[in-house]
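Heads up, the next two complexes both have chain A, just with different partners, chain B and then chain C.
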Partner chain A sequence: MIISKKDIPGFLDKLISEYQVFAPVQEGSFTLFKPISSGTNADLTAANTKLPAKEIFFPQSEKLFSYNATEEGVKVEEVLDEQKKVIFGVRPCDARSLVLLDNVFDNDKFQDPYYLTKRANTIMIGIGCNTPLSTCFCTSVNGSPFDTKGLDLLLVDIGDAYVVEVVSDKGKSLAEQAGLAAATDADKAAAAKIKETATITCQVNTDGLKEKLDTNFYWPIWDRIHEKCLGCGACTYLCPTCHCFDIVDDAKDCNGCRVRNWDSCAFPIFTLHGSGHNPRTSNKERYRQRIMHKFKYFVDNFNEIACVGCGRCINNCPVNLDIRAVLEDVRGSEARLDS
Partner chain B sequence: MKNPYLPLPMKLVKNFTETEDKLIHTFTLQFLSEEDEKSFPYMPGQFAELCVFGKGEAPFGMASSPTEPGFLKFSIAKVGVVSTALHMMEEGNMVGVRGPLGNYYPVDELKGKNVVIIGGGFAFTTLRSLATYMLQPEHRGDYGDITVIYGARNPGLLLYKEELAAWEQNPNINLVTTIDSAVDGWNGRVGFIPSVTEEVAPSSENTYAIVCGPPVMIKFTMPVLEKLGFPDERIIMSLENRMKCGIGMCGRCNVGGKYVCKDGPVFTKAQLNELPGEY
Partner chain C sequence: MSKLAEQIKGAAKKLLTEKKVDLVVGFTEGSLPLRGTPFFARTPEEADQLTWNLDCENNLANYLRKKPGKVAVVAKGCDVRSIVALIKENQLNRDNLYIIGVPCRGMIDRRKVAELLSGQEVLAIEENGDTLVIKGNNSSVTAKVADLLHNSCRDCSYGNPVIYDELIGELLPEKEAADFNEIKAFEAKTTAERRAFMNSEFSKCIRCYACRNACPMCYCEECFVDCNQPEWIGKSAYNVEDNILFQVVRVFHLAGRCVDCGACERACPMGINLRLLTRKTVKDVKELFNAEAGVNLEDKPVLATFTNDDPEAFLLKE
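Right, the complex of A and B next:
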């Protein structure tokens, strides 16, 4: 199927009448996913949004329930967002990150109803990356610029139109409902050509990385690798696969609500015990945890690397600590100092 | 989909000052209905997130045993916002409980075995749950000798004093209590847990050791158990790490790839040997 670029605002306006529609929206010097009220608000020109699409399903701050406690009892009211949503213009890396996060929020023992309800009620319309950034390394972590994982529809920009690839049944019925025209063979060929020419220039060699991490927890590499890191946590807040959170009460006396907020393994109090003991005493342990979690523990538990190569942590680190260089360093690490 | 974040309201029926320094209270919470109680089927070693509405929630191991129906017991030290608020609560107040969470002591695997329970200080809570469970007449026959070695800095800091006194008289259990340094009127042993363990522990043959206590006690007790011939598969420990969600999602209590809240808190030493020492 195909949709002309000039028809996009109209297409979105139709969706807005039925769904809550999120799309990248210009915010100063960057774009963010926001609910849009008009199809003309969507901005598909930027390579990627400042914050990942994850925040739609797992917001930075989210009310879990409200309560009213008295001597007689406690009234608890669950707050579930069951609104039907469409995410328009999500990049393949962000879409794939949600497939990874599904493992966490729907684990072997528990289901998180807040995240999973939103996931079940959302249609994901992705847009492939014709010109990936120099910091994009999705192909090194099992993704690609036109990966369809986690998507219902994938748009391929062929100039003045998008070729629409149907990925799921949900996507198919949405595209049919919208009455999209069939793509001609020439359009399809153009899309195939674009896909071929879009290249990720940056490759991170992850061969043997997991095996190294299986054995190098106590190696001296970690004494040095974290030195540049300020522990600001920016990378964790911008990461599409980071999922750590805190739970707090926002209340006056016994009336209030329980809220969960993003948290970060980069912060010392994240693991601080009531006794004062802290299993991750210094930045070294905390930085190691971040790398281990993404490239070893997640792989052990779910057979997937918890990184989609979006490059946000590289672009936004205040001290230019580049995860690609870190991984390369870890991969080459030795059991003893090579001084 | 069951929402694991929603607390079950429970009524505080007893706020008891457990220790001489007044820093540990034991809270008895009553279920509001039989249906509520049925929704909370737990085992010794499991924990729950206890919340004071308006203050927040924190994880605590159940000190009561499932063989004691109608209520839950928690012994809690006053250290943070939630525990301080709990200490100040009055009988009749409402609190929230969500759980049961985590795994539990392997009560089935322990069948037919001797069990030595080794506890230090305030970590005795879930061990009390386990001992109470095994001592229940219905269960007692399932287990061999039960030995409890329990130490505190001084007699005033021992938990469950009345119960300990009853266990002293109970032929079904061999209780050894110890304090760090001698005081007048103390009839038990004097000395640290590791050396007392070395003296009084039963043979490691067909025996499991269940150990819970402060890190320094664990550190010095492990070599003793090894010397006594306990294999790592038969040394069982309960870990504590800072937790929030209790359901393996919020990311902070992991030791290697395992979450203490979801995959623990009970691990064998053999299992812990495979993990980094981040606890």
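Right, the complex of A and C next:
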């Protein structure tokens, strides 16, 4: 199927009447996923949004339930977002990150209703990457610029129109409902050509990485690798696969709500025990945890690397602590440093 | 620039070879176009990786506290002012510190550079004296370095290190102190307007604390935002009131101590105008006490001293 670029605002306006529609929206010098009230607000020009699409399903601060103590007893009300949603213009890396996060929020031990309800009620319309950034390395971590994992529809930009590829039944019925025209053979050929020419220039070698991380927990590599890390949460909060959270009560007296907030392994209080003991006493242990979680523990648990190669941490780290260089150092690490 | 880099390497190698220091904290080439990144050299060979360019923007004073042994630091004007302020607060021991001072004309703001290519990715930046050549995928733009400096660098009149053990390059001509026009314009707004600005600006905050952690003067063992008994501040980020509370308390803690290096604003991934608040305190401290943080070793920290001449307008209605 195909949709002309000039028809996109109208297409989105129709969706807005039925769904809560999220799309990248210009916010100063970058874009963010926001609910849009008009199809003209969607902006697909940026390579990617500042914050990943994960925040729609797993918001930075999410009210789980509210409670009130009254004379009759305690009244608890669950807050469950059941609104039907469409995410328009999500990049393949962000879409794939949700497939990875599904492992965490839906497994044989836990099913998280807050995340899963939103996932079930959402249609994902992705857009492939014609010109990936120099910091994009999705192909090194099982993704690609036109990957369809986690998507219902994929748009391929062929100039003045998007060729629409149907990925799922959900996507198919949405496209049919919207009455999209069929793509001609020439359009399909143009899309295929675009896909061929889009190249990821940055490669990160992960060969042997997991094996190294299986053994190098106590090796001296970790003494130096974190040294410039400031211990802020920018990389974790901008990461599409980071999913650690903390649960707090925002309450006055006996009335309030329970809230789930993003947390970060970079923070000193992340593993601080009630006793005052902290098993991760310095940046060294905290930074090691970030690498271990993504490239070892997640692989142990779900057989996947918890990184989609979006490059946000590379572009936003205040001190240019580049995960590509870190992984290379880890791969080359030895049980002892010679110096 | 490359000449300065060679001199820095030479100085660092000498210090490490002669074992005068155990560590040299400086910059090496980063992984993005024209990006200097903090680097820690412990051997003369490692010192070979040191560099100096127009994007050595991080404040290295941040890395000096609690470092064992003798430490040398490659420090531009703002780094040195932070070092001076930290020495006065007993956070650094001057005797264990060797300052390789580098006069600084200012560092470039990659966000301003990015704007020049109107959305295209910046793939390479070449330094060419007073101009930069910025290259994107199919385009290239030449711009003046002076137009691309961080606002904090544009306003800085302390490019020359105020103290040093060794100077790299030559001292720059004195620069006049910048005006506070942006702050005055903000002060001139009504309370409601200022509040509206704060609400809009701090609704962007994601509470990653990059601003706090990038600041050399933020060194509390436990930050008030991390304390949960008592819980001084809500931990959730949906409440802009709490975001504002975090920033306002952070900035108040920095009053009289902030050297206006701009590290907080540069670290912010969300592009929040943080310097508006810190620079307001810089202006107030200058006007009320005629003082600036970290400009010499002699003056006591301004808010830790009392004189009979201190203005008391906020205490007494005269």
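Throughout what follows, the second predicted complex is superposed on the first by the 336 of 339 C-alpha atoms of A that agree within 3 Å, B and C clash if a C-alpha of one lies under 4 Å from a C-alpha of the other, contacts with A are read in each partner's own complex, and residues count from 1 in each chain.
What we mean here is this: contacts are C-beta pairs under 8 Å (C-beta built on N, C-alpha and C of every residue); 3 or more make two chains touch, one makes a residue touch a chain.
Just so it is clear, the structure is predicted and the values come from calculations on it, not from any experiment.
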Thinking of the overlay built on chain A, is A:Asp322 touched by chain B (first), by chain C (second), by both, or by neither?
-> second
Between chain B (first) and chain C (second), which does A:Val25 come into contact with in this model arrangement: first, second, both, or neither?
-> neither
Once the structures are superposed on A, label A:Tyr237 by its partner contacts, choosing first (chain B), second (chain C), both or neither.
-> second
First, second, both or neither for A:His293, with chain B first and chain C second | first
Which superposed partner A:Ala198 touches (first chain B, second chain C, both, neither) | neither
Is A:Asp246 in contact with chain B, with chain C, with both, or with neither (first, second, both, neither)?
-> both
So, A:Thr45: does it touch chain B (first), chain C (second), both, or neither?
-> second
Chain B versus chain C as contact partner of A:Arg258, first or second or both or neither = first
Would you sort A:Glu227 into first (chain B), second (chain C), both or neither based on which partner it touches?
-> second
Chain A positions within both the chain B interface and the chain C interface are 246, 248
Residues of chain A that touch chain B when the two form their complex = 64-65, 67, 69-71, 73-74, 76, 78, 104-105, 107-114, 116-117, 217-218, 243-249, 251-256, 258, 260, 263, 265, 270-275, 277, 279-280, 285, 289, 292-293, 296-298, 300-301
Which part of chain C faces chain A closely enough to touch in the complex?
-> 30-32, 35-40, 42-43, 58, 62-63, 111, 114-115, 119, 121, 123, 137, 204, 206-210, 212-214, 222, 226, 234-239, 263, 266-267, 269-271
Within the complex, chain A is touched by chain B residues 1-7, 9, 32, 51, 53-58, 77, 79-80, 83, 92-94, 96, 215, 240-242, 244-245, 247-257, 262, 276, 278-279
Hey, which residues of chain A end up touching chain C in the complex?
-> 27-30, 45-47, 50-51, 59-61, 131, 133-135, 224, 227-228, 230-234, 236-238, 246, 248, 250, 259, 261-262, 264, 267-269, 314-316, 318-322, 324-325, 339
